[in-house]
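Heads up, there are several structures right after this.
Each of the two complexes below includes chain A, the first together with chain B, the second together with chain C.
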Partner chain A sequence: MSNQDIQLLAHLMRRAGFGATREELAERSRDGYEATVSRLLDTSNPVSMSEHLIRRFHPDESSMLLGSSGIDAWLYRMTTTNAPLLEKMGLFWHGIFATGYAKVINAKPLSDQIRMFKRYAMGSFRTLLLELSKDPAMIIWLDNQQNHKGAINENFGRELLELFSMGVGNFTENDVKECARAFTGWTIGNREYMELRSSRDSDWPYGRISWHFEYRPEDHDDGEKEFLGQTGNFNGEDIVDIICRQPATARFISRHLYHFFVADEPPVPQWPYQPPRDPEAIETLSQSYFDSNYDIRSMLRTLFNSDFFKSQSCWHEKVKSPAELVTGVLRLTEDFERPRYETVAKRLRMEFMGQRLSNPPSVEGYDGGLTWIDTGALVERMNFASEELGNTMTPGSQALIRRLAADNGGTVTPERLVDVCLDHLGALSVQEETRSRLVEYAAEGGDIQMDGHTLGEKARQSVAGVVQLIAATPEFQRA
Partner chain B sequence: MASAKSDRSLVVLQLSGGNDALNTVVPYGNGLYYDWRPDVRIEQDKVLKLDDQLGFNPSMAPIKELWDEGNVAVINGVGYPSPNRSHFRSMDIWHTAEPDGIGDSGWLGRTIRELDPKAENPLIGVNFGRGLPRALSCKGVSVASVGDLETYGLLPDIKEQNARDLALKAFSQIYGSAMAHDTISEFIGQTGIDALRGADILRTAPRKYSSSVEYADTPIAQSMKSIAQVMTADLGTRIYYAQNGSFDTHAAELETHAKLWSDTSNALGDFMDDMKEHDMEDDVLILVFSEFGRRIRDNSAGTDHGSGGVSFAIGGSVNGGLYGEYPSLEERDHLEGDLHFNTDFRSIYSTIAERWLGADPVSVANGQYDQLDFIFETNGS
Partner chain C sequence: MSASNLQEQTQFLKYSRTVGMTTMRGRGFYYPVDSAMARDGRIYVVNRSSERAPADTVRVTMLNMDGEYFGVFGAGGDGDGEFLWPSGIALDGDGRVYVSDEHLHRITVFTASGDFVFSWGAHGSGEGELDSPSGLAFDLDDNILVSDARNHRVQRFTKNGVFLSAFGGAGSGEGELDMPWGLTTNADGDVFVADWGNDRVQRFSSKGRFISQYGGSGRGDGQFLKPASVAVDTKGYVYVADWGNERVQVLDADGRFMQQLRGEATHSKWAEDFLGINVEEADARARANLEPDIEFFNDDPHEQSSHIEKLFWGPSSVILDPQGRLYVTETHRHRLQVYQRVD
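The block that comes next holds the complex of A and B.
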């Protein structure tokens, strides 16, 4: 396979996954690009370790109190899964249907929600919207337990249309009200008791109870509603059906997919006023949405096999989110075969970089793109990546050292060292200036003498130094 | 005490976990306090008396000294409507000044944007601790977050000095050349250069600093020392942020609360001594806050989450005294068993923004609020 093909595959793996080691790229390249896409889309056997086993290492994963435990387990899963696209889709839907601990204040419903996203991530969008409407964390997040027959609370009804399906400009204020009416009675079980308990949260912080969905027919407004030009005694399911039929929904979800997987679009609130970067791509994806009866997996297949995705003009056009950066680095170290307590520390680093999963900064999710980069966050990103990758004891580094030893009779020149390191870190391509600076830096250490399969202390420092500097490059910040 | 507003800085100290206001500023003259607090209480003869009704917790001697000098404003009964008793939610409300919805920026982030709209100084805001508190976050605003001032910077794990210098030189060249490419490169390149510049400047602070004050070896004292180091290095920093905790004293409150306040007061006392030594005490304002107060009735070992807290403003330009109203302890005046707030915390933000920093109070406090008079009027502008 040509270098160009490997580069394309590396691009695919950075977007549909969290990047790949050089060995993984070599292995996948034997199948070819389209087969790799198919393998990524096949999530029927997504785990390298069963949930039950992970739970033995993260016993508080279902804690009501510790919002972070579910995230630790999620980070572990992202780091080790052999179905990385499924985890990416978990991040994708979490970014759109952003729900946070700051208001929900109950951990298990939030980790249950992430599991729900992954369960329905790549199936019918209709099913996903229905599950979302019944999700207890979402109900509390957008106050639908306060949405009563005769006394509506519009919060969920509005965001369902504005943030979750069609976007601003495609519905009226009356549609919002009618939508809210249709979702009256969609609440959590034992609502009154749960409300009492949460108001007494301080007295019994250890006595939280998880929630489940409950439909209360007596609190549901069964009257006639007019929604998006149609009239009927609509319930929530009917509303979701109507929403899914809208071309606006197809375009909105398509644009989100493009934004997440292909190249950054402007922030979502500007979408009604700024055309997409690539209108034709949005049309293609929307067509796939209708052709497949709202099937997200089909849209993803279209996307990854399209020329607009493969085009070099969009390579490296995205900034890694902290979740992507941390996961990608940990995958390169190949150091997390089984869950370890250290996952907690890695999750904290992700938070220091500015991303708290299940605790987004607002109902609109994470701003993403260049807003991930500020001086404090950039320092955290570079230091984390260079610390982890500069550790020469990890299996990932050991593989690099073996490779340096294997492909040369003993002497490694600075050029060779830089090129092998770049290639080893997922076939990373950098600007020509960056490469020359790296070579100059490597040259300060002179040629490296390999002593069998090991490195002397000086050589070890040279390799670590080059890898650390690569991990701190602007190129490494991008996906 | 007539410093120009542009020379002034603000130190925000967050007491995380919910500080028990009743055992901080103790209403020792009110018998009801002793009725509600049969176990978790400060006896009359122990309090550091402010007047014939109120006194500080005995662990607050250094703050009492500052009070006697007229440099402490005690703001009682601080809160917001429909108080939330969750740490996370209530802290978020204090950070964003948005009690109704989920806010998208922090009050200090907005302040920094006001003070440096073109983002020219990467060190206008410095947080001591890892990870940025929401209070400091705001789109387009860069804030340095410093775990340890001595080791702060890029690639700290390259220990050998020569290797590190070489790496940083290469780093600066790589980031410099990145700016010639596309928009994303340009932005990352510029931020990398700013980060390097900020780190270089910040690391000089401990070297430039000298003081006869010896800070204790507690996290809060070390944070206050770092703040003094950056402040005396004159790097243009205006906003500093530090935290101490956890004040979540559901149990063993008397011992824990005493230790927390003794650490906090000693650190603040030493810091103000340091400021005096550097002739900067009039240019610094310290705001001390917590996300909520605690329940009026004790639970025999501690106290549970409540509402209605106490905040402090400390500094040479502070018009010392009592502000707000001390909340009534009469049962009919309680709010679900808690102290009823009478001073909106956004009034404090608004006062500090306009009268101390010269920033737009409406943007910072997220609306229009009555201001308090705890800052001396000056001719500064």
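The block that comes next holds the complex of A and C.
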């Protein structure tokens, strides 16, 4: 496989995963690009650090008395999974169907919601939307437990249309009301007790109790409704069916997929007024949506195999979210094979960079894109990546050292040091000026001599220094 | 299997009471992982807490089965008398309290009233070194047995931490171990080890020679999923905290299945105290259906337990008192459920 092909594969792994080590790229390159896409899309047997192992050492990540408990378990899974696209899709749907601890005040239903996203992430959009409508955390987040026959609460109905499926401009205020009527009676079990516990942040007497969906037919308005031009005694399932048939839904989901995997679109509120940057791509994805009967996996296959995705013009154009950056860095260290006390501190770094998973700033999720980069967040991002990757004792660094020592009698020139480090960190291609600066830095230490696989202090400083500088480059900080 | 048809049992043990409740500090538990009982009936419950919680939530709570509270000792940290990942607890013949720490790889010793005495242990895989020590038990000579989890072995030390012997080793064959957790000894000095990663309990002689094994992977009678703890009574009955299946199983002296317990917690004295003060919450609770009939994905017992409060959730430790009562420590429900013999 040519270097260009390897770099295309690296692009795929940055977007469909969290990046890849050079060894992983070499292994995947044997299959070729399309086969790699197929492997990424095959999530039938995802393997990551076992639930039992996480629960044994971090009991709080199991029953979740505290708000952030589920996020650490998610970080373990993102970092250790062999199905990175599935975890990315968890992030993708979480970004759209954003639900937060600030209102839910029970971490277990939020964690259950993320598991649900991953279970249905790449199947039928209809199924996913239906499961979302029954999701206890979403019901509380958007007040559907207060949506009663004869006294509707429009919050869920409105966001289902505006943020979750079609977007502004494709429905009327009457559609919102009728949609809300259709979802009356869709609530959670033991609503009164569970709401009271949440309002008091109560975990007494015996810890949190998970939530479950409950349909109350006596509270459901089964009268005739007119929704998106159709009339009937619609219930929630019927509404989801009608939504999924809309071209606007196909375009909306397509634009989200493009935004997440290909290139930044403007914020969602601007979509009604600003056309997509690549209308043809949106049309292609929309066609895939209908051709496949709303199958997200098919849309992803179309996307990853498309020219608009492969185009070099979009490489390194997307700023990694803190979750993507932290996960990608930890995967490169290959130092996450067992639960560790320090994991919480690593997750906190993600929050210092501005992203608190399962606690987005609003119902619209995370702004993303360049908003991840402000002065403080950028320093935090650079520091984190540099600290983790500059540790020459991790298995990932040790693999790099073995590569450096593998030829030329252990003598490593500044140019070779830079090129091997760039390659090791995921076949990273940087601008020539960036490479020159890195070589200049490496040249300050001159050639380094590897003695077997051990490093003298001078060599260690050179290797760590170059890796740390690479971690701070725009190319590394972007996907 | 739905939660409503879980309890078809041979009556060997019957439910007695629930002890404790959730509190971050003081009178209560916060992710309790193991318990030990003194001759006077005082129960020591070690609370692991969470890395996210304040240091004073990590502690040992002292109480008795009637809910009488005797205070707490210990705290989060790496100083003297502190823990970061406390895991196992056991009492020696003099009533001193030993607590293992899976992160600091050491054993800390306290007096019966909770004053720090000393600690010992070094991280590593060599003889006498520890890597995630978890379950603790004392042998007939009052030497301490340590489940050295990540070294996949059991090590025996004097009470002062002088290495005496070891057995086990990584693997799934007879006498080999995979991340052992709880362990105990019987009246003959035989050692029973919850061989967590191998889904079985193994029995060794007092010298560490393999004798027999019970269980095997699964959800059926007599099968285990990641067993965490084991207790043996004077008649040889074996009680296993079948942690991954969220249940307790009782085996006879020959390892034959006798009974499974799934949990039937009621309000403890401390829970009653809380609900007596928080009337609005008590009223809403009284109106709620805390045993809802829900279909669970893959019949996952962990999920069942997360929804149905009376069921065991995270049964991480089983201990017996001299009357043969069984105390089940539930990490995720922050309480003990007590069972007693029917006969």
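Going forward, the second predicted complex is superposed on the first by the 462 of 479 C-alpha atoms of A that agree within 3 Å, B and C clash if a C-alpha of one lies under 4 Å from a C-alpha of the other, contacts with A are read in each partner's own complex, and residues count from 1 in each chain.
One rule holds in what follows: a contact is a pair of C-beta atoms (placed from the backbone, for glycine too) under 8 Å apart; a residue touches a chain by one contact, two chains touch by 3 or more.
No experiment lies behind these values; they were computed from the predicted model shown.
Of the two partner chains, neither chain B nor chain C is touched by A:416. With both structures placed on the common chain, the touch criterion links A:310 to neither chain B nor chain C.
Look at A:362: by the touch rule set out above, it reaches chain B but stays clear of chain C. Within the superposed three-chain model, A:375 lies in touch with chain B and out of touch with chain C [touch as defined at top]. Of the two partner chains placed by superposition, only chain B is touched by A:102; chain C is not. Once the two complexes are overlaid on the shared chain, A:60 sits against chain C while remaining clear of chain B. By the touch criterion defined above, A:437 reaches chain B but does not reach chain C. For chain A, the partner with contacts to more residues, out of chain B and chain C, is B. Within the superposed three-chain model, A:216 lies out of touch with both chain B and chain C [touch as defined at top]. Shared interface residues of chain A, touching chain B in one complex and chain C in the other, are 202-203. Chain B meets chain A in the complex at residues 85-86, 88-89, 92, 101-104, 122, 127, 130-132, 134, 137, 139, 141-145, 153-158, 160, 163, 166-167, 170-171, 173-175, 177-178, 180-181, 184-185, 187-189, 191-192, 194-195, 198-199, 250, 295, 304-306, 336.
Taken in their complex, chain C has these residues touching chain A: 21-23, 30-31, 33, 48-53, 84-85, 102-103, 150, 179, 181, 196, 225-226, 228, 244, 265, 267-268, 270-271, 274-275, 278, 280-281, 284-285, 287-290, 292, 294, 297, 302-303, 306-307, 309, 313-314, 331-335.
Within the complex formed with chain C, the chain A residues making contact are 51-52, 55-60, 62-63, 65-66, 68-69, 108, 119, 189-190, 192-194, 196-197, 200, 202-210, 212, 338, 341, 343-344.
Contact residues of chain A toward chain B in the complex are 100-103, 105, 199, 201-203, 316-317, 319, 348, 351-352, 354, 361-364, 367, 370-371, 373-380, 382-383, 386-387, 390, 431, 433-434, 437-438, 440-441, 444, 461, 465, 468-469, 472-474, 477-478.
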